[in-house]
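Listed next: structures, encoded as structure tokens.
Same chain, two partners: chain A is paired with chain B first, then with chain C.
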Partner chain A sequence: MDRKAGGVFWLAVAWLVLVAALAVSAAWWPLPAPDQIDWVRLTAKPGDGGHLLGTDSLGRDIAARLLFGARVSLFVGFLAPCIGLLAGGLLGILAGFYRGTFDALIVVIIDTLLALPRLVLLLVVAFVFGSSLFSLTLSLGIVIAPSVARIVRALTIRIAEREFILAARAAGASDAAIILREILPNVLMPMLVYMLVITALVIVAEGSLGFLGLSVASPMPSWGGMIAEGRDVLAEHPHVSMIPAAVMFLTVLAVNLLGDRMRGWLDVRESQL
Partner chain B sequence: MNRTDKLLRVENLAVEFPAGNGGRVRAVAGVSFDLVRGEALGLVGESGCGKSSLARAIMQLPRPTSGTVALDGEKLTALDGEILRSLRPRFQMIFQNPAASLNPLRTIGRTIEAPLRTMGRHDAAERTRLAREMMVAVGLDPLQFYERRPSQLSGGQCQRVSIARALMTAPQLLVCDEPVSSLDVSIQAQIINLLREVQTTRGLSLLFISHDLAVVRHLCDRVAVMYLGKLCEIAPVGALFSAPHHPYSRALLAAIPRPDPKHRPAASDLLPGEPCSPMDSIEGCSFRARCARATEQCAVHQPELREIGAGHRVACHHPV
Partner chain C sequence: MRFVGGKFLHLIVVILAVTVLTFAMLDLLPTSAAYAVAGANASAHDIAAIQEDLGLGDPALVRYGKWLAGVLRGDLGVSLVSGQPVAQAVASHLPATVELVVLAQLFTLLIAVPVGLFSAWRVDSRFDRFCSALGFGLTSIPSFALAMVLVYFLALKLKWFPAVGYAPLSAGIWPNLKSLFLPAVSLALVEWVILMRVLRSELIATLQEDFILLARAKGLPAWKILLQHALRPSLFGALTVFGLQVGNLIGGAVIVEQLFALPGIGRLLLAGIFAQDFTMVQGCVLLIAVAYVAVNFLVDVGYGLLDPRVRCGGVVRG
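Entry: the complex of A and B
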């Protein structure tokens, strides 16, 4: 499959690897601490006074904040879909496999949650759990879960009616064995691709939440928070917002490109059946 | 013939499904027959007559609505789930759609050894050895195919994998639900010959469902003809093909294509109309609306299977 992957795909992979490596190594770079204030250089331009990417309106080093902010974006972007996949996937598989009353109940719950405006749901979770990295991840995970459950349920129903499930039953497999060995792997493959789409959405969602003050609490840096903080000086010092925005844009683009490519591989596999 | 010769006894089996509007579809409406050890019984009938429902009811997938299925004296229909699961290795099934009956993500080798794993028999190395041995027995080269996935196999090869998987548990009964109807004709012959071979070498009893009478004639010892959820005739292959007594069997046989372009079935042998819906409850004989021989009696009394020759039973008030 590597032969078909173009240069753009590898650029995307390289960018994501770079962001991940920088997020992990953020503390080891010879940069000022992300919350250290340089009182003489507020909103410094990139390159000014040793600040590689300049400073924000409080004189904090943008490069350092980007690196530490990457931790938040990647943490949320990875874990929130995992929480959504775990919770939604579990309910979706059970509903799709057992059908009946349980299924009907799950479908009602899914439809109800999907009918609620996402933002209201996020506000409620943030209100209950406070605004920490943990609650941000959890709330985004909860928001994702219903749509994951719906897709997993549909996939499960489609797979459960295939004859290899009957064959497993005929050999005496228990429900648990059928769900774990026959259905789960077949649901997981397409879901992993969907998860990349969700990751992209979650990273953008963190950005939007930053504007509402619902992302991680200051002074902890996050890309969304940085974009939001630069809003006040957007006219005079656009780089304060634009640098984190560009980094977020590139990251989301890279994730989407990766997802598209993987969907391509999956479609080929599916069509061979 | 003593009792222990009967491997499978099916009595008054009925399968109903809920229909959309609160009604119920009677897919199988009271079917009884026996299957002797080592015998191949063909089950024929047109699409929608309940053949597959009957097969699945015998497999207890899902359990039938009523009636009994007894395998070797054990009433499968009366057993609780756990005990039934422990008996499942003794009766196995082969499905119609070869590709859909294999897990697309699993290699062929793993698919074949899966039943042993489910049963908790043998260690991994022994399971692999047995699976390879079985692959040879069904005509698949283990070196070439063990690590392949279903998407890399043809329909006929997939069906060989299905047969291998079903045989891994050393079953006494093999239920084949139209195992060759989705394959090319030349491949059909190979699979039929393979089934015949494993049936004789392993002393299997076969319930072979098909709408292809030529295949049934080639493979089976006895034939049961099914119409709208009921058996209308059951007889040794030779007797049924030479002298069918039920008007429906007669029409079915007349519809077999012959390699003669000038041959046309006699108009009197062709059936008018369509089968009734299995949702309607029918008084009397369910075939009477399409039957030239139907009388008052057929509208009132439902004909039961009765013996009219050696092992030849027919459910008709006015047999041909």
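Entry: the complex of A and C
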């Protein structure tokens, strides 16, 4: 999987570009609105009555719902890791650089937040913050932050004892300058590589919340919610669940493939150093 | 002993912090608790009376102290919705979760250990590459989507297993196992991958050591080298992952519990969230966190059993 080049990688890129393009242009396609109900064709098979991918048990067009659901998945999948990286990265760097009481406090907080299964923490945080798209993204970011903080703190501690930090300090650099110019660039690269792994996790997490009925509120479609809605008709009309499940699987797989490849590149570079 | 003592202190600190967190988290919404009890048609007077009743008028620290004292006596309060003691509700939902965890991790081990052994023994063989690729694909499937596929084929089409529902042990061991099989398999199909990867890479490292060369030179059969010589020193990472997985499944299996209608802790928590039942959520979160921390403590103690160097504070590779 690591050495086989090109083909799979570009397929993954193509799929993600396609999903992103469709999500952005969702409103411009000649499709029914995602919450428009076709009373005549409930759970229509793909292709029936002009419904490209069929309809769900309420007669809503699956293709249209997939496109609008992609917006939620991609929005959350992009922004939540950013929030998590920013918050967790900041705390991790400060804790690892300054150590002492502040560090001890951060470590206890990290350990406490990580003492809950991620999904449970997410459920509780989402419960406290509510379920608009914005608060959902915030909740996901908060849930990611402790893991990021833990990794960044460990990286920072290792970097802070290297000679070039000592050199910078001897040259009279302030703490802020050392953090921004010496530590940040060295922490950023590994974290950006993790970003794609986190994105895949976030898309799945949003899907899980959607599946439990706790993602964005009802008229707005989410992939996880679509999979859950097909459960009651799974025996007779499996396509209602299976199509969104397949789309979600392909998307997560594509993100994971990209992340895997990027990690490979970074490892090569580090081993050449 | 000093090693275990230090870990135990850490355990106590984290558990204390967890109690503060769970308490503070739901304390952010003190009035809503009263609203949740009173229902939609309550007057302002009712709300005030309920707030008084729940002791919501006291300062936060006092309420935390009272709550913690109750927790130490095993009293988690009563459900705001049903009036049932939370401790009792949690206890009645534990068996399903524990059974699910045991069965899922049993399946995980049954897949991960043989695959890890074979893959490490013949690195880069067709089998090794196939399992890596399969694992990569499986970890990209959300557990609920995988569970739906399994339900469709094994429960709805082939009718081998019930699609939903839980038969308690008292209903007989066979129906009980049948009702837990699909949930456990849908968890195990994702979990074995991570365990296998860790085990495989550690085994590969171990297999290059001199004592393995000696074992080979003695002409020992492959299974003997793998099981009697290589496996035990390669279990550190796997033990950690295994512990994390067990901790994660107590409450974290909420989706599978919900999908298969298993009366477990995760589902109790979810129901509490939907019903805005604050005390129930608090009780569940506390139990889940304590279980998670306790499992990881046991893992730390397990290191000491695996390798005496840990017990004496020596250096351990990897």
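Just a few scattered comments:
Throughout what follows, the second predicted complex is superposed on the first by the 268 of 273 C-alpha atoms of A that agree within 3 Å, B and C clash if a C-alpha of one lies under 4 Å from a C-alpha of the other, contacts with A are read in each partner's own complex, and residues count from 1 in each chain.
Here is the rule we use: a contact is a pair of C-beta atoms (placed from the backbone, for glycine too) under 8 Å apart; a residue touches a chain by one contact, two chains touch by 3 or more.
Source: prediction; values computed, not measured.
Touch criterion not met for A:262: it reaches neither chain B nor chain C. With both structures placed on the common chain, the touch criterion links A:53 to neither chain B nor chain C.
Judged by the number of chain A residues each one touches, C leads among chain B and chain C.
By the touch criterion stated above, A:85 is placed in contact with neither chain B nor chain C. Applying the stated contact rule after C-alpha superposition, one finds that A:149 touches neither chain B nor chain C. By the touch criterion defined above, A:164 reaches chain B but does not reach chain C. Once chain A of one complex is fitted onto chain A of the other, the partner contacts of A:173 are limited to chain B, with no touch recorded for chain C. Of the two partner chains, chain B is the only one that A:186 touches; chain C does not reach it. Touching chain A in their complex are the following residues of chain C: 10, 13-15, 17-18, 21, 25, 28-29, 129, 132-133, 136-137, 139-145, 148-149, 151-152, 156, 247-252, 254-255, 258-259, 266, 269-270, 273, 281, 285, 288-289, 292-293. Those residues of chain B that touch chain A in the complex are listed here as 56, 59, 61, 85-86, 88-89, 91-93, 95-97, 99-105, 114-115, 118-119, 150-152, 162, 165-166, 169. Listing the residues of chain A that touch chain B in their complex gives 162-164, 166-174, 177, 181-182, 185-186, 189, 269, 272-273. Chain A makes touch with chain C in their complex at residues 1, 108-109, 111-113, 115-120, 123-124, 127-128, 200, 204, 207-208, 211-212, 214, 224, 227-228, 230-231, 234-235, 238, 241-242, 245, 248-249, 252-253, 256-257, 260.
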